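There's a structure below that I have some questions on.
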Amino acid sequence: MSADDQVVERVRASFERQGLMRLIGARLTEVGEGRVRITLPSSPQVSQQHGYVHAGATSAIADSAGGYAALTLMADDAEVLTVEYKLNLLAPASGVRLEAVGTVVKSGRTLSVCTLEVHAIDGDEQPTLVAVGQQTLIAVRADSSRSTAPEA
Amino acid sequence: MSADDQVVERVRASFERQGLMRLIGARLTEVGEGRVRITLPSSPQVSQQHGYVHAGATSAIADSAGGYAALTLMADDAEVLTVEYKLNLLAPASGVRLEAVGTVVKSGRTLSVCTLEVHAIDGDEQPTLVAVGQQTLIAVRADSSRSTAPEA
Amino acid sequence: MSADDQVVERVRASFERQGLMRLIGARLTEVGEGRVRITLPSSPQVSQQHGYVHAGATSAIADSAGGYAALTLMADDAEVLTVEYKLNLLAPASGVRLEAVGTVVKSGRTLSVCTLEVHAIDGDEQPTLVAVGQQTLIAVRADSSRSTAPEA
Amino acid sequence: MSADDQVVERVRASFERQGLMRLIGARLTEVGEGRVRITLPSSPQVSQQHGYVHAGATSAIADSAGGYAALTLMADDAEVLTVEYKLNLLAPASGVRLEAVGTVVKSGRTLSVCTLEVHAIDGDEQPTLVAVGQQTLIAVRADSSRSTAPEA
C-alpha cells in the first residue's frame, strides 16, 4: 500500500539529507507503508576489488531502505536510528543496478524489525537475489538528546 | 605483529581496486597479521540525515577491514569474500574521522571469523566506540568459478 | 513440496540423535524440500525467568529447523553444520506450543542460507510471530575431518 | 570486578526461575559487574546428531550469560529482555563442559550490547573457543506492560 503523502514527503526530505546516498548515486524509488525501495546504479565508483558492487554500498542502501520502511509506521514526531543489522551476501552484485527493499516485520512503540532484500538487475531486467538481511531499529523523539542512543 | 611485505602488498593492491573506498575517501592505515585498520575522514559526503557518518560508510570500512584481516592469514592464491556480517551501532559516528579495525578470531581453511570495531576520533584524538560487529568470510581460489560463491 | 522418502528418513534419523530435542520435548512435524518445521510444547521446563519459553529453547528449534531444511537440498553424502545464525525475539513466547520453520533462501554447493520463523500458537490455534532469524550453514562430507569445521 | 551482593542476589534469583537452565544442567558460576559466566556440563542429553553439544544449548547459556551481564548494570527496578543475538559456531563443542561468558560492551539507559564467548573445556582443563556472539538487550521496568516488548 502506498504511504500517505505526508509520510512520503518526510521520508524524501530525510533521504535528501543523506550525503552518502547522493555520493554513491542511490535513489529512493518506492515509499509504501512499511516498505521502501532504494535503487543504486552499478558503477566502478561503488565497486570492490573484483568489480562487483562493494558490500558496503549494498549495505548502505539496504540499511537506509529498512530505516525508512520503519519510519513510515512510526509516530509523526519520531526519528529512526538503526540499532543493528545483519546481512548475508548470497551472490556477486553485478548487473546494471541494485534494488534494495526494506520491509517491516514488527513495528513496536520503541523497536522495529525489518527484513532486507537486495536484488541485482541485469540488462534484461532479470533480478538475482544478492543479499538478505535483518535489521533492528529504534524510534527516538526528534527533540530528545541523542547522547545515549544508537546511531543510524 | 606486522604482516610480511608480500602480504601487505597484496592487501594494498586489492584495496586500491576498491572503487568505493576511493569514492568515500577511506585509507588503509594498518596491515598486521590477522588485523587491519581502515580510516575514513568525516565529511558531509558520507553523512546520514542527522549529519553523522552514515551506517553504510561505517559498514563499508568495517567490512573491508575484516575482509583484509582474514586475507592476511589465507593461502597465497586465495581471495576472500564476505559471507555475512552483523554490526551494532552504539553511538553517533561524529568526530573528525572513523577508524575501523578488523581482527581475526578464527582462521580456518575455508571459513574465517572476524570481530569488527569502529571508533570515532574527535579533535582531541579521543576515541569513542561507535560500532562493533562480527563477520564470516570464505576463502576462494583466485581461479575458481565464483558462480556459486557469496560475494565480498 | 514434500521431500522424497529417503531425504525425510535421513532427516528423521538425524533428528532422533539430537539429545537436546528429546530433552526439551521437541518434535519434527514437517519435512519438505528446503523447508522443515519443528514443534515445541510450552512447559515450565523450557521457561525463562518470566515464565515464557526461554530464547535458548526457541533458538534450539529454530536452528535445527533451518539446519534440516538446508540438509534436504544437499548431496546424499553431505552433513550440515551451522556456521552462524542471528535471531530477533519479537514477542513473549507464550501459548501452548511453538512452531519453528526453517526455509532455504539460497542453497549453494558449500554454503546455504535459511530464514527462520517461530510462531507461538495459543489455545485457539492463533499464531503470533515471536522470532525471526537468518542462518548460514555449511555442507561437509560425512567422512571428512571435522577438525577445522564450524559446528552444528 | 565483583558485583555488589544485592545485584548478585537478583541475578541468582532470576537464574533460579529459568526452567531451561535447570533442565539442561547449567549453573551460574560468576557474577561480576557487566560480566557473567554460565557453565554447562556436557552430556548426551544436550547433544546434537554428532554427539557434540547442540548449538541450541550453547546459545541458551550464551544468551543467559549476556542477559544477566547487562542486568548487573541496569537500574534496580529494571528487567532485561533479549532483543536479538547472533552467534558464530567456530568448532565442535566437545569436552567435559562449556563455559559461556557474557560481557557488556555498551550499557545504555534503554539498550545494552554484549559480546558472548563460549569455550569448551577438556579433561585437562584446556579451553577451546567454540562460539562467539553479539547480543542486543533492552531494559524494561518490572511493572510495565510487556505487550509490545521483545522477549528474553
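Each chain gets a letter, A, B, C and D, in the order it is written, and its residues are counted from 1.
Definition applied: contacts are C-beta pairs under 8 Å (C-beta built on N, C-alpha and C of every residue); 3 or more make two chains touch, one makes a residue touch a chain.
Since the model is a prediction, treat every value here as computed from it, not as a measurement.
**Q** By the touch criterion stated at the start, how many steps lie between chain B and chain C on the shortest route?
**A** Contact-graph shortest path, chain B to chain C, evaluates to 1.
**Q** Computing the C-alpha centre of each chain, which chain sits at the greatest distance from chain D?
**A** If we average the C-alpha coordinates per chain, A ends up farthest from chain D.
**Q** Starting from the mean Cα coordinates of chain A and chain C, work out the distance between those two points in Å.
**A** Chain centres of chain A and chain C, defined by C-alpha means, are spaced 29 Å apart.
**Q** How many angstrom lie between the centres of chain A and chain B, each centre taken as the mean Cα position?
**A** 21
**Q** Could you state the distance in Å from the CA-based centre of chain A to that of chain D?
**A** About 32 Å, centre to centre.
**Q** Residues touching two or more other chains, restricted to chain D: which are they?
**A** In chain D, 83-84, 86, 88, 90-91, 113, 134, 136, 149-150 touch at least two other chains.
**Q** Of all residues in chain C, which touch chain D in the complex?
**A** Listed in rising order, the residues of chain C that touch chain D are 14-15, 17-24, 43-50, 52, 54-57, 59-61, 63-64, 79, 81-93, 130, 146, 149-152.
**Q** Once bound in the complex, which stretches of chain C touch chain B?
**A** That would be residues 83-84, 86, 108-111, 113, 134, 136, 138, 148-150 of chain C.
**Q** Can you list the chain B residues touching chain D in their complex?
**A** 86, 88, 90-91, 105-106, 113, 115, 129, 132-134, 136
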